[in-house]
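For reference, chains read A, B, C and D in written order, and residue numbers begin at 1 within each chain.
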Amino acid sequence: MSELVYSNISDISNIKIFGRLGKQRQPLPLLFNGSGIEVVVTGSDLWIDLETDSDFHEPWVAYEINGAFMGRQMLLPGKHRICLFRNMEPTTPKRVRFYRELQAMSEDDRCKVLVNGLEIDVNGCFMEVPAYEKKIEFIGDSITSGEGSYGAITDVDWLAMYMSASVNYATMTAKELQADYHLISQGGWGVFCGWDNDPRHNIPSIYEKVCGLATGPSNEKLGCQDPYDFKSWQPDVIVVNLGTNDISAFSQSPFLNPADGKTYKQHRNEDGSLNREDELKIENAVVNFLTMLRKNNPKAHIAWCYGMLYCDLNMTITEAMSKYREKSGDTNISFFQLPDTTPETYGAHMHPGRKSHEAAADALVLYLRKIMNW
Amino acid sequence: MSELVYSNISDISNIKIFGRLGKQRQPLPLLFNGSGIEVVVTGSDLWIDLETDSDFHEPWVAYEINGAFMGRQMLLPGKHRICLFRNMEPTTPKRVRFYRELQAMSEDDRCKVLVNGLEIDVNGCFMEVPAYEKKIEFIGDSITSGEGSYGAITDVDWLAMYMSASVNYATMTAKELQADYHLISQGGWGVFCGWDNDPRHNIPSIYEKVCGLATGPSNEKLGCQDPYDFKSWQPDVIVVNLGTNDISAFSQSPFLNPADGKTYKQHRNEDGSLNREDELKIENAVVNFLTMLRKNNPKAHIAWCYGMLYCDLNMTITEAMSKYREKSGDTNISFFQLPDTTPETYGAHMHPGRKSHEAAADALVLYLRKIMNW
Amino acid sequence: MSELVYSNISDISNIKIFGRLGKQRQPLPLLFNGSGIEVVVTGSDLWIDLETDSDFHEPWVAYEINGAFMGRQMLLPGKHRICLFRNMEPTTPKRVRFYRELQAMSEDDRCKVLVNGLEIDVNGCFMEVPAYEKKIEFIGDSITSGEGSYGAITDVDWLAMYMSASVNYATMTAKELQADYHLISQGGWGVFCGWDNDPRHNIPSIYEKVCGLATGPSNEKLGCQDPYDFKSWQPDVIVVNLGTNDISAFSQSPFLNPADGKTYKQHRNEDGSLNREDELKIENAVVNFLTMLRKNNPKAHIAWCYGMLYCDLNMTITEAMSKYREKSGDTNISFFQLPDTTPETYGAHMHPGRKSHEAAADALVLYLRKIMNW
Amino acid sequence: MSELVYSNISDISNIKIFGRLGKQRQPLPLLFNGSGIEVVVTGSDLWIDLETDSDFHEPWVAYEINGAFMGRQMLLPGKHRICLFRNMEPTTPKRVRFYRELQAMSEDDRCKVLVNGLEIDVNGCFMEVPAYEKKIEFIGDSITSGEGSYGAITDVDWLAMYMSASVNYATMTAKELQADYHLISQGGWGVFCGWDNDPRHNIPSIYEKVCGLATGPSNEKLGCQDPYDFKSWQPDVIVVNLGTNDISAFSQSPFLNPADGKTYKQHRNEDGSLNREDELKIENAVVNFLTMLRKNNPKAHIAWCYGMLYCDLNMTITEAMSKYREKSGDTNISFFQLPDTTPETYGAHMHPGRKSHEAAADALVLYLRKIMNW
């Protein structure tokens, strides 16, 4: 085995970091699924040194070489030293990406992945990472968290191992377009409320923080609750894939919010249509969220891309988008329906499986190429 | 060969007629693409007797046996006697559909297909045709007219032979759902104006007539310009696939309307976005058309299904639908985006080919099954 | 309509004729499925004049424009004048192929398709037809006759309309490779005997005649029973797709041959394996047929391509091929297994459907490209 | 976290072991790719304890839950304690398979995977593992070792990480048929010689030992070089996928065998055909191997399934099979060609990728169902 040399992540200039960043750079926290690092190295071996913590939901990570999936594993609390490759032809540059599979966990204050550094062959070096000219931000729920992208169709537990960035339309889309990307997503959350009517579980409430989902003292120390510096990374496109949980709330029991002691519930009319007042709550949330997105991303095209698990909220979302457009005069937005998951393309616990994510990515790539002139 | 017995179409009670009907029943005019007849017969042979007329655009017809495509041909003006099958096992019932491939032609006063009758084996009989429990009305443009569904990808002539009902998402959807269906479509037309800004080329203007597209004395005699009796056939769903030409008009030259001597043109703003005033013309047309559809089809679910050739008008159509919903209180409408045609699925002259129609039908079948509880 | 000018087929020098030819050139007989003519014409209109005869099994024909399928129809006895296109842009060259769908009929002495000539626009002309550099001869049974390539999966009649060259792996392969091709095939026939043990139904017995399958005085007059002039067309590859009926004979009742009053039957051993003596009859037939093919086609690569309906005869065919190779020293032969028809790819009466033919063509194209260095 | 209880592998009666076994059961060596263990457990957590050693080529392992792939990782020398799942619903039985990804390594005396035991929840238990009624033995080369099933299409290193049982036609076939299976394979080896003409690299030479590929004192101690007890596991079918390297040798340089100081080389004739003498060496090897297989597996159907990387040896293999059949009278053998890898289905370093393995599995499943009456 070759002799290895360790470098702190923050000391490596030839590195591409995926995912939102706050103030903390050493060790580097991987905050969202898809958050990760990419290097191009010569030398025969590459190792990554990291530290993780977690409680119920342990982080999973995945890694790829030259764009191809290679490994995926669970990381239990502690320090880890993972060999990403060894014994490779030393002079050939190898492009390696290592990334978090598990979404930012809103219910697990301990859950974190901290990358300390990399070890490479003493004769190897970090070469320039190919530039990603395009930038996409994906904002979503369990679909964008890759829930059910792993697991048998019959599996129904709600566990970390079933989520991923590796089998995920967002990652597939970004890779196909050779784009840098950010993922901000949370299973069960909506634009207005969660699948269970919980009004706290709305993405806009955490969007402006570095990783507002990650709470608790240790996450705060990492800067997760700091305001996110939007100027540091301005996307060309923002893909918003929200609505699936907002519609679900209409069919769920009322939710007693422990935060205010009040009960929340979205209602349907007797004929099954949405109660207009409740529908308007979603619409207000959409209008406000678009306003927030625009404020922070003045030039990005905002594409609301929805429909991988039914498209019942099409009329509601687009009505709100029209209101926002009318009010703001902002025409740099669009609505795009993603292909629905079919009986043949389901993954675990009634979520999109690999084939559904592939179909969504195919459609989205075609759409973004057209609309962005890419 | 067996001895054949002729029956007038109007004398055959065991027959299923597809497509809109006016007062004329003998000979039976097939007015739209997809308009046709279906019988289930015993006996060894089946012939159809018909008469056609045409000018530039000659009608094409197709026929199928037991649901499988068998033949397709051009019919030049005159009387025709076409053998649909012969020498088949006489006691086995054969289900046969014969239908028009060519859309109703708005530019060809002579174009028509008139079915006189059928000839069957003297020992055969007309058996009961399986009932079609579901009813769908498709309203569209060249896509629904199947333009380019036949022809090489390089073909650019605008000719009858490239259009069809046989390779057509509407037919595929209806067949998969075992549904009766009506097609009302015209290549180049929109909900507000034609692809070339011609304001006369809007589908609403002809919707309430039996076959308003077919003009001229002989067509009038057939009742094409009569008000259509909507009570005679109430669909469960109306699929409106319009908008592709309305968006096209924004990129075309002004149109000098010979009818009023005025010039018509939809404009884009300098940044490429739609001129709001012109966009609102489309929206008004959508609101008015939805109102017209609802008046004539009180119980039908109206699904605007759009997107097989880009989806640039999503925001416009849905804004109009929201206005209609707000104004009317009618919630029995929905918007559904059809899968876009890809480089791999184009047919002739940049229109959807077979694979695009198949993809659209797959998505639409899934959607209608869900929304209609089918 | 433009003024038309008629030319005898034999007077058109810019024409490509597909399929075997005998002495008869005016009118031109289309002897096999896939036999046809191709022209590239300018002018607005193209018509074909032909004459057909038939008894029980009527010929079907199909035509395509610029490589795309356009029409398909039955032709009953008589003279026919078929418009292949009209009103097309006159200066653009149009490549048109017209061909026979129905196999040469061994049981119908009357069945024939005779092309008299073509009519084109007085201002149009016959341009040079693109050269087909590669030549493939396909020899087969019902699969190569396209049996069941049309028709519903439940259809079981044995009729002309279910056969085709248009939905046929041989045509698809030739088109994909831009190759000229000949088809010699007959449903139910084998290399040694027919599906029903009829020893007369073997392809080698007719291979050396122009169209040995077409018997009777009128066919003889057309030269069908003449020795075929192999020098007139030497293929680069011969694809032999035989064996499906030879294996079937082992499971069928004995056949009483009216020609010699003897009974014929291929037997299985008690354990289900093939009776060795009977198996050797097939092997002899294979060896002799390979010898015959080589004698007449000295340079062609001979690829036995088998397996679209099971591959039970793999061991038998390859053993015979080895014997031939050992005996002759001829190494310019190969065995290639075609993909089996699956439950999803069946057409009518348990024969390959469109998807099976497509899969076979995909595999065969890949194989021929490799083995022929194409 | 729940309290865990450890059990030695040999103490667990409700366990299914995949892959060949020798005398050593505690710790349990996983000798081949696909070798592994399967349990069905209740309780919330499952851990596996193992020990690995290796030199250049480190073992990789993969695991699945309820039949779905979950993780895959490299194991460097040492003791490992891997959590296969945690926090699952405790009363629901979970079926878990853990298996070796890397082939038995013939060039790495240290390489081994030894499973010590499993830890389950104190409240959980090992339930009965579903019986696998069918048994298949796969014998092959790099294709069956899954070489290139992971990795980018441009990757050319020859490394452990590119091989797998998880993306492998053999595993896919066995799973689809719910069959138990054994894999005996080695990249670069043939039935007669290796890809580089090395005469020692032939599978028959190691077939009768437990894992003849694994040499050296420590492997001998594990019983790898012991005669394999064929009576312990009699397959219903043996799939032999060999020949790809034997044909390669004809295009490679001569090989100087250090074992005997002689040079070895398979030759082609000037016209590119195989030198008959050299071809007969392969045929002898095939005949002898079939004889060996039959001796050890009296009732198994032996299917030579070949062709995923060209099928140039079809004539040679089948000729040898015919010789064996003739000589032995054994008709319980067959030849089946697997679908070739296409430009769209390649994986890394010109080996079959995931789609090619899927296509091969689809074809093989269909074939085995027919031939075995499954």
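The rule we apply is simple: a contact is a pair of C-beta atoms (placed from the backbone, for glycine too) under 8 Å apart; a residue touches a chain by one contact, two chains touch by 3 or more.
Since this is a predicted model, take the numbers as computed values, not measurements.
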item	value
Joint neighbours of chain C and chain B, given as chain labels	none
Chain at maximum distance from chain A, centres defined as averaged CA atoms	C
Distance from chain B to chain A - Cα centre to Cα centre, in angstrom	43
Centre-to-centre distance between chain D and chain A (centres being mean Cα positions), rounded to whole Å	38
Intercentroid distance (Cα basis), chain D paired with chain B, Å	57
Touching two or more other chains - residues of chain D	none
Interchain pairs in contact, sorted by label	A-B, A-D, B-C, C-D
Residues of chain A touching chain D in the complex	56-58, 60, 65-74, 76, 83, 85-89, 150-152, 154-157, 159, 161, 348
Residues of chain C touching chain D in the complex	271, 273-274, 307, 310-311, 314-315, 318-319, 321-322, 325, 331, 333-337, 339-340, 342, 362-363, 366-367, 370
